[in-house]
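A short worksheet on the structure shown next.
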Amino acid sequence: MNTVIIDHALLLAAILFCIGLLGVLVRRNIILMLISMEVMLNATGLAFIAAGSYWGQADGQIMFIAVVTLGAAEVAVGLGLTLLLFKRYNSVDVDNLKQLRG
Amino acid sequence: MLNLLWLVPFFPFLGFVLLVSTSGKMPKPWTTMIGAGSIGLAALTTALIAYEFLSQDMTSFQLHLWTWMEAGNFAPGFSLYLDGLALSMLFVITGVGFLIHIYASGYMYDDEDFPRFFTYTNLFVAAMVMLVLADNLVLLFLGWEGVGLCSFLLIGFWYKDPANGLAARKAFVVTRVGDTAFAIGLFLLYKHVGTLDIQEAMIKAKLLWTEDNATASLICALLLGGAVGKSAQLPLQTWLPDAMAGPTPVSALIHAATMVTAGVYLIARNHELFLLSPDMMYAVAVVGVLTLLMSGFTALTQSDLKRVLAYSTISQIGYMFLALGVGAWSSAIFHLMTHAFFKALLFLTAGTIILSLHHEQNIFKMGGLVKRLPLPCILFFIGCLGLIAVPPTSGFWSKEQILNATWESSTGGPLIWLGAVLGAFMTALYTTRMFCIVFLGPSNGDVHEPKGFKFVAPLVVLAFLALVGGVFVETAWQLPLSNVFPGGHAPHPPTVIVVIAIATPFLGIAISYLFYGKRVFSAEKFANSALMKPLKTFFDSGWAMDWFYDLLLVKPYQWLAKINKKDCVNLLPDASSAAAKILHAALSMTQNGQLRLYVGVMGTAALFVIFVVVFL
Amino acid sequence: MLVLWLIVVLFVGGVLAGLAERVHAAASRWVTLATLVVSAILLWPLACAQPQAFESVAGQSGWLAVLQWEWIPRFGITFLLAVDGISVLLIALTIFLGFIALLSAWEEIQTRVGFFYFNFLWTLAGVVGIFAALDLFLFFIFWEIMLIPMFFIIVIWGHEDRYYAALKFFIYTQASSLLLLLSMIALVFLNWQQSGEISFSWFDLLGTKTEGVFGLLLMLGFFVAFLVKLPGVPVHNWLPDAHTQAPTPGSVILAGILLKTGAYGLLRFIVPLFPEAALAFTPYALIIAVVSVLYAAKMAFAQNDMKRLIAYSSISHMGFVTLGVFSWNALALQGTLLQMIAHGLSSAGLFAMAGAIQHRLHTRALSEMGGMWSQAPRMAAIAMFFAIAALGLPGLGNFVGEFLVLLGSFQMHPIAAILAALGMILAPVYALYLLQKSFLGEQSDTFSAHSASLFEFKAREVLMMGLLIFGLILMGFFPRLLTEYSDVALNSLQALGWGP
Amino acid sequence: MCFHQAVPRDRRSNAINNKELKIGVEMQATAFNILFYFTAAVAVLSSIIMITRYNAVHALLYLIVSSLSMAIIFYLLGAPFAATLEVIIYAGAIMILFVFVVMMLNLGQKAVEQEKLWLQPKVWILPSVLVFALLFVLLGAMQGTGVSQQVNLVSAKQVGITLFGPYLLVVELASFLLLAGLIGAYHIARSPDARAGGTARQHDIDQNVDRVGGNQEQGGQA
């Protein structure tokens, strides 16, 4: 009954992934970088789901679950680090983390 | 007695070893005893050997001591070879050498390095005897280089003054150029003939090559190069005038009597080889003539007493080369001997004069010494007569033979004879000029005459030999050279040639006497006239050969050394290490801790990978 | 067996000398002296072996004290030590120069004496090992053993910028020995393919056919390694630095012995193992030889540092060795061997002299010296002797070597020989320049402060120099004493190559 | 009219015409398709706006909008279980965490000005070039058939069966991952004195940390 062109779903995933990457590259605020990363993760989730629906298998969704757990764990640790960063430099500029240079 | 021949080189060498081991601690009388004594013993042994050799009129005698090197079929031995030529050379070296040593023991007595002087002279005589007695060319080369070394040591004897050092090094390097040519000649000879033993090589060469063979003339050219280097002939003669920086007995011993004649001996020893290539004989004659003319003109303008004598030595050796070139071998050796007598006499008397004028060598500062130094004046006069070749003296006999032989020989000819006669005229000119300026004319400066038997005796003996030696050898007993050289007939050129040859020296004396003796024409005005001024400076500097060699060789080599002081090949490793440093700097710039840079780089890398995977 | 004992004694002696320092500071010097005496005694029966003692192994005659133990059978590596006329002479030279270096180090090395003598003896052991090892693998091991202690000697006891010099020396030799290793293994594989059984022994490898480009490449691998050690011109830069910065005993060993390992390698491994390739490579090798002789002589003249001048003169002399090896006839080979030994003696003397002057004046710059003859006539006379030996005066060792090399190479390559003979003109230019600047001329003010007595040579130094002078004169007048010994070996080697 | 082949996108601005492209598809314009493309457009637009916001909270809100639209798309693609998950975990838990942290740091107006400083237009050029290149490559990679076909629904039951069937290990792994994240976050976020185990020397450790912190700062700044 409802048909959709799988390519466009993948296309959407690609676009979202690129936008997320753009966000990570451009922003210097660590929180916004984390958020952009979330978008990237979402995009990959979408790609998995699209593939899953294309083949009619549940694997896509399971991979999506894995992606989500990864995202959750990653955000938890990321935000913890952000707090430490803020306490140390009381700013969220990622460029302060330059001590481990070269 | 003959097999004691090895004693002749051994005595001076023993003297050398004794003086070196005591390294100057020996008291002076002992030093003279050993120094002069060893040469005396050598002379005595030579006399005894000569007596036995001549009484049994042997042609040659070989004494093999030990084989020196042995590689493949090349096995030169450390062995001595005595024949008429070697004997006469020995007589000159040890005889005149001994007289000079006696004189030197007086002359150098108050020099603080007195033992060192005798050390070097003993080594020199040993090396020279080795050179003369060597039976193969490698041993001859040993003597050849040893003599060069000793001349270096003796020229630079007063080492405190760097100019002497420079003169010594110049002498060594210039003679070394000749020696290298000589060595290459040896290699070529060995390549074709397979042995360097002189007698064998000569026999094989005669069998191997016919007349006018290219290789033979090439070898002769190289040997001539060696002889020219050592005997200070035309291309390589610049070192001899500077060699006057050494003490006067050295100039007498090395740069008049013995070492400079080594070249003549070498060509005489290898005469069969030269006979094989007439054009090389002609080349030798031409070199001789050109040298004697060039040095004759230069001697005319010199102001230093010893340099005048040096240039006259070069010209007299030019005569010997001329004699060799025209094939008059025995007269060349005869002239060599007579030249040793009167030139040694001249040098030693000059030494006395210089010593008595407190080391003043400029002839214009001497003058009127005839009254204040009577004996040296007479001796010097006899020497000059010998040099000019005035009839009774020995110089006359030998030079006459050469001039006559030049006229007749195929490789000589009238043109070269004319050059030789002009040379004789020039010799007369500059010798009389020297004598008049030094002895006649106004006297200035105080004089004290060094007394002592050591000064007088050798000079008198030499004067006697210079005067009578020639006649005695010419008539009474021939030099034992007949069996060494191919017996050429005595030359009889037309009498008018002989008369001219005899007359020219007198003409020279007369003209020069007018200029410098009576001062009828003033020499200075003539010398400084517009035409003569540049010519005078040109002659004075030894035909600007020194300047030319400096420009051609010395300066470029020094420049080459200066620009490449830091080894340019060194840039290669240094460049690679510098490149490593630059690479390190560049890479470390990328690790600046910027997280966003890292993310960007990672993104690009991922992009590149996907691109490669997808599109390729 | 003797050779094995010789090497073991040197190694153990080194360790003992190292430990002896704890007992007493001067003890390690005496232990080293004892080790050298023992090794001399061990060498004695080898040195005066009668002709019939020589046996022939795999068709190569003239071998002595051959020792072959299975080591790594799987790769055909055997512990093969064998000595022929050439090796015995060079080992004798090593031990002799060991004495000389020890004498020159007697007072100069004050800090960490034990460790110095440890390195000193291990270098000697490495070098003796090189001259005796005939298994390529064993040869390579000794090649490495020799290098490390020498590096330490330069780096710890050297002069002002010793690190640069030592590092440069190390990198040069190490890089080239990598090439050596590669071509060695490739050669063994080639032999394995051809003969079916794998073996590292020199005797077996002689049989391999090494024509064509591959053979040439292998030969080049060996050639570069030995050329660096020799040193030939394009790769010679480490020597002047290593010599100027090395302590006197270090310089004596470096110049006296380590350069000979390169020359020995050329003699033993290049032409016998790769006859065709070596023949094809000859024109280029001759160019390298002639350039080495002339370029190094010119560079020597340009130096103001005394030791650098002597180092460049060594390069010039070793140029003759390359010329001799690539002429490969009886004359040239014997000349090469004599040149190696004579250069060992004369350069050891010159370096000991330069070290003595630096020890007294604390400077090596020729511009600051001058007129030392009046201060120290005996030292000056000895220095003059060595300078004159270096410029190849007949009657001394160097001349015999040079003359035979030039005579031999003239038969095969006249032009190269003539150009190399020009080296005979350039040699006196720098040798006499060295003499003039240091001993003759006016007295410079640097040492007017020193009293003459302190300055003169002491008995120890005179003994050291006397030994060298005696050696050079002996070689100059009686070269047959050495050549009689090495004739058989040289002829059998010569037969392997080409040429008359 | 149907552009099956991937059209090369070379500039950022054509993301908008990308939507007409989808709407132009001539297949029967069912409400389903319109809804799909509409939510896709919403998702893309909200993402773009999100990364350009100065204020972190606004960005967060747009992220929530984007994840909700993603949920709808999941649902349309026949993955109702994933949609619900997306809404609960993503929009629910993770975004709330973000909001909580942002509120805790209460960056306020000063942070907004700083953001303005940081986000100069020229900053965008290089990354967008890189991103478009990546996009171009990805599109190049997708050579899909372009034909629309029946979306087959994957029910939650089916997902549950496979989840605890072959993928049992993945579940374990996921739990480990979460545990690690939990402990890590807990450990990092603890306050220094709590972290030092509360021993008596607590006071000087703080001094050390602050002093070191102080030095660090100078060091950092220098």
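In this document, chain identifiers A, B, C and D correspond to the written order of the chains, with residue numbering beginning at 1 in each.
Methods note: a contact is a pair of C-beta atoms (placed from the backbone, for glycine too) under 8 Å apart; a residue touches a chain by one contact, two chains touch by 3 or more.
These numbers were taken from a predicted model, which means no experiment stands behind them.
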Central subunit by CA centre of mass proxy: C
Chain pair that, of all pairs, has the most C-beta pairs in contact: A-D
Inter-chain centre distance, subunit C versus subunit D - centres from mean C-alpha coordinates, in Å: 73
Centre-to-centre distance between subunit B and subunit A (centres being mean Cα positions), rounded to whole Å: 98
Inter-centroid spacing, subunit C versus subunit A (mean Cα positions, whole Å): 70
Junction residues of subunit D - those touching two or more other chains: 127, 130-131, 134, 138
Where subunit A touches two or more other chains at once, by residue number: 21, 25, 28, 98-99
Contact graph of the chains (line, ring, star, complete, other): other
Touching residues (chain side subunit C, partner subunit B) in the complex: 168, 171-172, 233-234, 236-237, 240, 298-299, 301-304, 329-331, 333-335, 371, 373-374, 377-378, 381, 388, 393-395, 399-400, 403-404, 406-408, 410-411, 414, 417-418, 421-422, 424-425, 428-429, 432-433, 436, 439-443, 477-480, 483-484, 487
Residues of subunit D that touch subunit B when the two form their complex: 126-127, 130-131, 133-134, 137-138, 140-141
Residues on subunit A engaged by subunit D in the complex (per definition of touch): 1-12, 14-23, 25-29, 31-32, 34-36, 38-39, 42, 45-46, 49-50, 52-53, 56-62, 64-66, 68-77, 79-84, 86, 88-89, 91-93, 96, 98-99
Subunit A-touching residues of subunit D, taken from the complex the two chains share: 4, 6, 15, 18, 22, 25, 27, 30, 32-33, 36-37, 40, 43-44, 47-48, 50-51, 53, 56, 59-60, 63, 66-67, 70, 73-74, 76-79, 81-82, 85-86, 89-90, 93-94, 97-98, 101-102, 104-105, 107, 111, 114-115, 118-119, 123-124, 127-128, 130-132, 134-135, 138-139, 142, 144-152, 154, 158-159, 161-163, 167, 170, 173-174, 177-178, 180-182, 184-189, 213, 216-217, 219-220
In the complex, subunit B residues that touch subunit A: 588, 591-596, 599-600, 603
